[in-house]
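Two complexes come next, and they have one chain in common, chain A, joined by chain B in the first and chain C in the second.
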Partner chain A sequence: MAMDSYYSIAYLALFLPLVIVVYTLFPKKGRWAVLLGSSLIFFWCISGKLVIYLLASIVSIHYGGIWIALLGTHKDERIRLAAETQGGPTKKELRKIYQKKQMAVTAGIALFNVGLLLFLKYTPFFMGNINRLLAALKIPAALEIPAMAVPIGISFYALQAVSYIMDVYWGKIPAQGNICRLALYMCFFPRLIEGPICRFKEMDEQLFNGERIHFDNLVRGSQRIVFGMMKKLVVADRLNLFIKNVYENPGQYDGGVIAMGAVLYTCQLYMDFSGTMDIVLGTGEIFGIQLPENFRQPFFSKSISQFWQRWHITLGTWFKDYIFYPVSMLRPMKKLTSFGRKHVGNYYGPLLSGGCALFCVWLCNGLWHGSGWNYIFFGMYHFALIFGAQIFEPAAAKICKVLHIPRKSVAWGTVRIVRTAALVCVGEMFFRAHGLKAGLGMFVNMVTNFTFASVKDGSLFQIGMDKKDFLIVAVAVLIVFINSILKEKSIDPREWLGKRGLPVRWGLCYGLILFVIIFGAYGVGYVPLDPIYAGF
Partner chain B sequence: MKQGIKKAVGSLFFSAGLIALLVVLSMIFIPKNNMKAFGMEDVPANGILGEKADTIDVVIVGDSESYSSFSPMQMWEQQGFTSYVCGTPGQYLYQSETFLEKAFENQKPSVVVLETNAIYRKMSPSAAVMNTVENMFSIFRYHDRWKSMGSDDFLKPVNYTWTDDMKGYRYNNAVDQAPTKEYMIPTDQAAPIEALNEEYVKNMAEFCRENGVAFLLVSTPSTVNWNYSRHNGIEALAKEYNIPYIDMNLMRQEIPIDWTKDTRDQGDHLNHSGAVKVSSWFGKFVKEKFSLKDRRQDSSYSQWNDALGRYKKTVGEV
Partner chain C sequence: MEKLIEILEDIQPGVDYATCENLIDGQILNSLTILALVAEIEDAFDVVIPAVWILPENFNSAARIWDLICRLKEEDN
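And then the complex of A and B:
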């Protein structure tokens, strides 16, 4: 049975209920095995024999972690012996020797996992670029670009593998001796396709505990799953009718339609990804497992930097912890900071090394999303916006002071929110466009040929979506908006719902379920949108 | 314990309420007539729903091969029995089964024909499950009608009134000759049939048996879709479940298809002249084999004679 996404009938109506039943029937001690077995079956159903890559990653970090731990024990032993005897290497020397060995193992394991990801995902991109270069140099040779089969979720579990091995190296967590526990951490089925990117420390106990399924968790988890389905089926899949047309033939439309396409694609991406996260976290909740949130109302952000602390949070924190900080801590970077402080002051000084680390983060972020120049451009675009904001911050503060703009006022905050959203939409337009050239063409068209003609003459409603489609999308977006406002005010909508009387509680639940069934874009005439982040 | 029972009972009531809502919504969303303007899907095939009760002798299900090969009106004109093609493009067997069940709600045919090309169409089990859910709650199939619904959908009962003059047959007189004529090269190999597909054929055969109706497997001529290995596969299946099987691809004498003239798309489907040849032989065969009545003089079938006039105009015989 085709189980290619969390929205498939096979997953929602068969797989998940079956896992819940089997999990409940198993004694507490063996429930982790149910989760592991079902996760491997889930992986097999989607990627089949490519499970070998996943197993290779699991084995690599398992033995890598043990190796690092053994080196640590060996080091302690030798230090103890060194204290008792004389003439051998000193404690400091021993620490250095073993740290180097541990670092080599860590780097080897991390490179193996990242290397697999690069090999499987980027080989066609690199070879394509080599072919373009050869053609540009008029060299009559071309590499045959292989069709690579990529295992599902490799972009997510590879980063988890790296975080595990580095955390063991840094001593944040002890090496896990039980390979099954590591395997479950790597392939827990709800987060397999699109994350969130978890840390071993926060997941291991929860996954292994075998917490029994509580009725309240089942209800709350199911509510979140239905809410996620609304985002995906009502909004993301319906918007696809319009977005596909605009991005397939951008030359046919004026700047107004292109701008609408940029806004709606951003909306689609958010609804698709955050909807899937609702299903993922809802599923986790059913099993009493709290997976990390990936979104925190990103469209309330007042700056791009803030946006990325609220959008795909687990990817952002991964880059911060495993790229930004390590790069910032490199000796040349420290020297650069000292140099900067001396010559350009305490504000701009640290920005030099910070900028280098930030550049690495955004280059990797762009590449992580896909193998194409438009993705690299997407990364550089956000790097420029964040780094530019840091550079111009003192100047901006001065300008606001001179113009008497109260920076903490609601009005100024709203302006910043709208500005941030607009900048995000432009970035996403490049992200979705068919290549960098197409993205640039769309941007130029949007700026130089912007009109409201399509709204006035009604042609906007003939690009795959009619007025009723727009209306239903607007209603669904409004529901999500209200939910977001409640969350911004630290009110948990589901907790609020749980405290209402039965008619309100059931009425809203029925309303949401029927809203999805009636207004979902599924069945004849609709092609479901493939989960966007599953492709990254 | 008390809390547990309370929660279990609450869940049961919640589920029952949801099912009740789905039933009510299904009644509202189901098209109130079998025309496109009312939101009906696959209108030509669903035209059978508008036929008078117990007036159809032969029901044919299958994919595009079925509605390209069988002309019920020609069989009516030549043999005097009634038939209807509930064929749809790319029909899956779960859809064939649904059409069959729907047809039987209002008709008591003597013969059911399954065109065999659909047996080799791979089905997604998820889609088959979804089809069952749609059959139980039509809100899932017709939910998209929210855009065009009016007060009648809430107030009026279902009343199917539309009938198709072509009786499900889709007329096409284009000619695009087939490059290959020799496509039935004997072999001992048998093309394997998916287990799920086999299950559906078995179920349809069982359904017909229970209703006392003859069930036939028929392979219509097609150089693109048919070959000897598929013939062997279906023959084995037919033998296993004791279903009569006719392969028209091996009946060159009886059905002399000229692949330079009788196909509209290089041998994939027959055109009208090909359908005339198939229907001529099949009409005679099925009438004799199952002793079907000649109803041409029966006044209660006068609508069929009226439709025949319009059919002839369409196919250019008038």
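And then the complex of A and C:
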């Protein structure tokens, strides 16, 4: 019985309940040790000896943080001495000297962690491209591409390591002297595989406190876990049958089916990832630990930029804090901003430097998702949409004014929501396609050969999913949609449920559990989908 | 402070900066206007605003921005 995801029986029926029991039995003081021990066991069960990479990251940020702190103390001491004595470097000079030293340590540790990620994830991609280049230049040589074993969750914990060391450098947090606390921040088991990407400041106390498991938390956490299971088992896994067929053999289908494939893949990705997040956050809730939300009803977004403020939120804020602003705040960028303002005005001036920083963000975002040209295209696609929207915003405002389109009306808002969703679906199609060439082929097919023939002749229901499957998916999507509307109206669905009478409360909860048990896509004929974001 | 208000009015006119306390939370200033603002403040007040200080709580009102400038100046001396 392998424990390879949060949906495995081994995890849900054995590991998680066992951790809850042991955690409860332990005194408050030692509960964090239970979480750390279980997290390391969880990591070992999935990635075995690759735990060495995780440990290397933990050790690097631990000693890196302490080094930065020691340099800070040394600096203060020298500034104090300089104030008492005449001559020697001034306070300002000393600050600069030590800032450079601290920056060198920070850069070294950050590069080590990012370097590990790049080495393990991108070596085959880079070597494959070198081989292609050699072949194109007709040079009779080829590099042997190694098969790299990648530890689970490295894309997530590497970013946490970088955020920790940079926050210490910036003075946002003090360096943590207890390596075990750092280790728990890096590998807390519910968020290990797919995030969310946490910050040390918001997690440390919560993880270390060893809160008692309250009955309310247990109930609320379990409710969220079941809801996440519905998204994953009923929708994402069921859609896999259709999506696999379409994306494996896109040439066999007309544009209508390809468009359906794009929409359903976006739906699958959302259900898979947000479903996992429900399980992750629900598990955290059981232990009284509030992990950051990763989704905020993304399909209610009116622009692509808004979409990325609601989808994979913790990745977006990480890029904003550690790439967008640091790049924008570089001296040449600031000069570019001032130059731009003077020459092209207040609106377009900052766009020059902002655009450069945004380009870096989206290049990194694309690469973070995977090592392939289609991922880079995915990043550039979103960069073009967001940057393009900024450039054309003044023109769009004028056009709307001329055409008397009330930009704040519900109708216009709805048009914008549909348009954003369509653009997202196209982007996700490239994301899922087997390479950039296949993605482009699918896009051309979708645009030039769009028909409803597969619906009319019923062949749509022979591509892995029949009418019953579509109906089950529609019901589950409707449940998620109602839940999203409530949240959009600032109503907490679980709080609402908690205020209902016992029959309604239990009826809905058991109804949902039965729905998952009866209509979950498992058993003969179904191939469970590996958690998509775990692969990133 | 007057100089700061002038800069703000130049970058984003039509806002009562003496009373407005939600420049970021109310989306009056976005990430691009913040970039312009930082560049102008650095030029005008001879301070360096590190990326780490770009937080909503530091930019939500003219008074907060002024506090930030004063803190940075103090640190510089």
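The definition used in the following text is that the second predicted complex is superposed on the first by the 535 of 536 C-alpha atoms of A that agree within 3 Å, B and C clash if a C-alpha of one lies under 4 Å from a C-alpha of the other, contacts with A are read in each partner's own complex, and residues count from 1 in each chain.
Here is the rule we use: a residue touches a chain if its C-beta (ideal position, glycine included) is under 8 Å from a C-beta of that chain, and two chains touch if they have at least 3 such contacts.
These numbers were taken from a predicted model, which means no experiment stands behind them.
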>> I'd like to know which partner A:Trp170 touches here: chain B for first, chain C for second, both or neither.
In response: second
>> If we overlay the two complexes on their shared chain A, which of chain B and chain C does A:Lys334 touch? Say first, second, both or neither.
In response: second
>> On the A-aligned overlay, A:Gly255 touches which partner chain: chain B = first, chain C = second, or both, or neither?
In response: neither
>> Looking at A:Gly210 after the superposition, I want to know if it touches chain B, chain C, both of them or none. Which is it: first, second, both, neither?
In response: neither
> Looking at the overlay, what does A:Phe324 touch: chain B (first), chain C (second), both, or neither?
Replying inline: second
> Counting only touches as set out at the top, which of chain B and chain C does A:Trp506 meet: first, second, both, neither?
Replying inline: first
>> Considering only the contact definition stated at the top, list the common interface residues of chain A for chain B and chain C.
In response: none
> Of all residues in chain B, which touch chain A in the complex?
Replying inline: 4, 7, 14, 17-18, 21-22, 25, 29, 41, 124-126, 129-130, 133, 139-141, 143-144, 146-147
> Can you list the residues on chain A that touch chain B in the complex?
Replying inline: 1-3, 8-10, 13-14, 215, 466, 468, 506, 509-510, 513-514, 517-520, 523-525
> Across the complex, what residues on chain C touch chain A?
Replying inline: 10-12, 31-33, 35-36, 38-40, 42-43, 49-52, 54, 76-77
>> List the residues on chain A that touch chain C in their complex, please.
In response: 91-92, 170-172, 320-321, 324-326, 328-329, 333-335, 337-338, 341, 346, 349-351, 353-354, 390
